[in-house]
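Structures given as structure tokens follow.
There are two complexes below, and they share subunit A, which is joined by subunit B in the first and by subunit C in the second.
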Partner chain A sequence: MEISIKQLQHLYMQGTPFERRALHNVTLHIADGTFFALIGHTGSGKSTLIQHLNGLLKPSSGSVQLGETLIKAGGKKQNLKPLRRKAGIVFQYPEHQLFEETVEKDIMFGPMNFGVSESEAKNIASNVIEMVGLPQTVLSKSPFDLSGGQMRRVAIAGVLAMNPEVLILDEPTAGLDPAGRVEIMDLFYRLHQTNHLTTVLVTHSMEDASKYADEIAVMHKGELYLHGNPSQIFSQREALQKVGLDIPETVQFLLKWNELSGQNLSLHEFTIEELAKRISETLKKRGN
Partner chain B sequence: MLQNVIIGQYYPAESPLHKMDSRSKLIAAFVYLFIVFLANNWLTYGILTVFTVFTITASKVPMRFLYKGLKPILILVVFTMLLHIFLTKEGDLLYKAGWLEIYEGGVKQGIFIAMRLLLLVMMTSLLTLTTTPIDITDGLEHLLGPLKKWKLPVHEFALMMSISLRFIPTLLQETEKIMKAQMARGADFTTGSLKERAKAFVPLLVPLFVSSFKRAEELALAMEARGYRGGEGRTRLRALEWNKRDSIAIVLLALLTIFLILLRS
Partner chain C sequence: MENIISVKDVTFLYPGEENSTLKNVSLDVNQGEWLSIVGHNGSGKSTLAKLLNGLLLPNEGAVIVSGKYSTMSQEDIWEVRRQVGMVFQNPDNQFVGTSVQDDIAFGLENFGVPREEMVKRINESVHRVGMEAFLNQEPHQLSGGQKQRVAIAGILAQKPSVIILDEATSMLDPIGRIEVMQTVRELNEKEGITVISITHDLEEALSADRVVVMKMGEKAAEGKPEDIFQQRELLLSAGLDLPFSLKLSEALLQEGVELDKGYLTQEELVNAIWKLA
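Presenting the complex of A and B:
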């Protein structure tokens, strides 16, 4: 689903001495099927921005459009349920939202709120639990008996169960161990491709952004600071460093390699595999 | 979403009221609670209102902000006022339509009761609006200090209070966060029958309880790790300081009390 944000501004606690501007003049277009990464420091407005994408927050001025649904400042109250089903948000530490007696019931909560029958919801639950890499036996357990990593997966399953067209991920791997991080991110990437989702990933990690994203936007102090595809973003190292960010390690390595070897390799893919392949190619050439 | 709750909310500003010692403010608010009941005619209510308006102006808290906190109790005020107007049968008959009779005494009584309630709520919210929760508990601990002689756990009491006050905003934030997460999964907190709405709160309350218990445990652990052993021999980073303005405030309040006693009928 296409996402189009126009001159979005958001003020928290408007009209009180605690008023704070969280977003200012953000205009952004995300094409259908894009894996979009949103990077920025704490307090840069990333989380505020994504909460506009399914109507949890209303713009103070400007507008947000997802597919057919248009949410604009001062607009009429509208039924946001259809939008919320289509745009699933995995919040930071989603395991905090678990509440049911069993994992199965918790996963069924979302679909049943959107009018899916109980038996159908049970089917969905047993499907998504496999998707997130947990065994069927977990379904009958209490979510509070699981380990932190398992709880995270159950919570993610609860969002996937709604079968969203847009998947919004707010630092989904925060607090996980390195192996868990890779597994969860690979899971999202697989889903993104097989289900033709539009994915918005909020992250601190340039590595994750470089590995998965088609497009990257950098937020700074509530404004859109940089926007482009990964190679455009990573070619602006100084601009990134100015706001306390840096290019991913693979790109850093490449720059250093070029500097020391006198070669001029350019990168289009930013994965370790791609980088290793390029370097071994040049080494082989030299060997010949 | 939960932005309209001002009970226990501090309004930062530079005003004589903000600079006052929390003990004098606590004493003043406490005394005020009683002297409001001294007023019983137009003159005494007038004096009380002038005093209250003066205090509000001095506090630099905008009326708009105070009004937001008054909103929830406004219904109660209007309701009690109407009750008094319709049910008190004293003085001259002003209006009669069928069984409905309105007497002069009833109108007077209704207005007085409404004023009394409004003045009380305004003054007490002014206390929390101009004093940080930490200062309030510090002040309370000092004022209740003498009770330690009778083995009353004053320090523990104050600590409990400051911890709960400290965590009100955290809890509100947490509530909002979980509410949003469940709303994103299609939960609906605002429509449906009363039973449905009560049921809709389960997905909100369970996670809140779980995280509150977890937080309490972590806090206890963190306090123990830093060697917390209760109030015995504990010194303060910010000592309370009784200034001239505090004495002036108390004197003003005493004068007000004397006037009220002399002028009440």
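Presenting the complex of A and C:
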């Protein structure tokens, strides 16, 4: 689903002495099917921005459009239920929001809230639990008897149960061990491709942004600071460091290599495999 | 080197659980070292951390601090808690005061420190974490990294021997992470405070003096980072990843570029490759 953000401004506690501008003049177009990464440090406006994408926050001025739904400042109160169903948010530490007696009931809660019948909701629960790589036997367990990694998967299954077209992920791997991190990110990437989703990933990890994203936006002090494809973003190391961010390890290493060898190699996929290939090619050329 | 904490054959079972979270774990922590404890989610590393200052008590075995204080003893427990401070994961869950100085004072009040001494210690400890300009600030005015530094100041005010970081930087952004790690590194290097860091950050563990790998409630390995991080199978089976430089070395080998040994840092590796050219 296409997302179009136009001159979005958001003020917290508008009209009070505590008024604070969290977003200023953000214009961003995310094409249908894009894997989009949003980076920036705490307080840069990332979380405020994504909460506009399913109507949890309303613009103070400007507008946000997802597919057919247009949310604009001063607009009429509208029914956002259809939008919330299409744009699913996986919040930080989503397992903190589990509450039902069983995993199955927890996953069924969302769909039934949107009018799906009980038997249909059961089917959905059984489908999505497989999508997140957990066995059917987990359905009858209490979510609170599961490990941290399993709880995270159950919470994600609850979002998938709504069959969203847009998936908004707010640091979905925070607190997981390195193996769990790779598993969860690969899961999202697979879902992104097979279900033809539009994905917005909020992350601190330059590695994840470079590995998965088609496009990257960097937020700083409530404004859009940089926007482009990974090659464009990661060629601007100084601009990134100025706002407390850095380039991925692969690029860091390549810069060290370029400095030593006097070459000017560059990366497009930012993977370790690509980096190894570039370096071995130049070694072979020298050998000849 | 002297032991500051001795974990002796500890087994721990959470009430109501069938399997022990920790099984026969023994570990000596050397005075003044930086020890990183790594392992998969559910490996028992946070449970181990909570046993080190008596927040949890072992079902079997013992934890001894400074050679003589047992966490199992009602008499010793206050001395254990004073010596072994802990910084938790979530900066918002450990700020109890309404201002920075109140927050630090809270811990001291619990230990019955007289007011004059308290003021002195608060001023001294905020200075050591670089938060002296924030004494009267309220918690919501602070960033995550700043809150964690206040937590560290609260521990310092009690003149501890050991600081345990239980994934203390995992909820912080890159800037906050660097702030907190620099603060702790200085305390470790300049003041000799022992640091035990429970972490998923491999690059951080690489710069530790020693690393302990936990796996399924047992100690799977213990040693210097340069030895531990060469052990591919061990790391992967413990839910960890290989450090960047080793992954790149493997990828280079696939491309036919062979190196004489495993290099752990980017600098070492890039220089080693350059020598091949």
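Quick note on the criterion: the second predicted complex is superposed on the first by the 287 of 288 C-alpha atoms of A that agree within 3 Å, B and C clash if a C-alpha of one lies under 4 Å from a C-alpha of the other, contacts with A are read in each partner's own complex, and residues count from 1 in each chain.
In this text, contacts are C-beta pairs under 8 Å (C-beta built on N, C-alpha and C of every residue); 3 or more make two chains touch, one makes a residue touch a chain.
The model shown is predicted, which means the values in this text are computed figures rather than measured ones.
Colleague: Counting only touches as set out at the top, which of subunit B and subunit C does A:M13 meet: first, second, both, neither?
Modeller: first
Colleague: Report the partner of subunit A that touches more of its residues: subunit B or subunit C.
Modeller: C
Colleague: Could you say whether A:G110 touches subunit B, subunit C, both of them, or neither, answering first, second, both or neither?
Modeller: In the superposition, A:G110 contacts subunit B only.
Colleague: Report for A:A276: first if it touches subunit B alone, second if subunit C alone, otherwise both or neither.
Modeller: second
Colleague: In the overlaid three-chain picture, which partner chain does A:K256 touch, first (subunit B) or second (subunit C), both, or neither?
Modeller: second
Colleague: After the superposition on A, what does A:F91 contact: first (subunit B), second (subunit C), both or neither?
Modeller: In the superposed model, A:F91 contacts subunit B only, not subunit C.
Colleague: May I ask you to decide whether A:R286 touches subunit B, subunit C, both, or neither, giving the answer as first, second, both or neither?
Modeller: So A:R286 only meets subunit C here.
Colleague: Which positions of subunit A touch subunit C when the two form their complex?
Modeller: Going through subunit A, the ones touching subunit C are 41-43, 147-149, 174-180, 182, 204, 244-246, 249, 252-253, 256-257, 260-261, 272-273, 275-277, 279-280, 282-283, 286.
Colleague: In the complex of these two chains, what residues of subunit C are touching subunit A?
Modeller: 39-43, 89, 143-144, 167, 170-176, 200, 202, 236, 239-241, 244, 247-248, 251-252, 254-257, 266-267, 269-271, 273-274, 276-277
Colleague: Going by the contact rule set out above, which residues of subunit A touch subunit B in the complex?
Modeller: Checking each residue of subunit A against subunit B gives 13, 16-17, 51, 54, 56, 81, 84-85, 88-89, 91, 94, 96-100, 109-110, 113-114, 144, 158-159, 162.
Colleague: Can you name the residues of subunit B that touch subunit A in the complex?
Modeller: 3, 11-13, 65, 177-178, 180-188, 202-204, 206-207, 210-211
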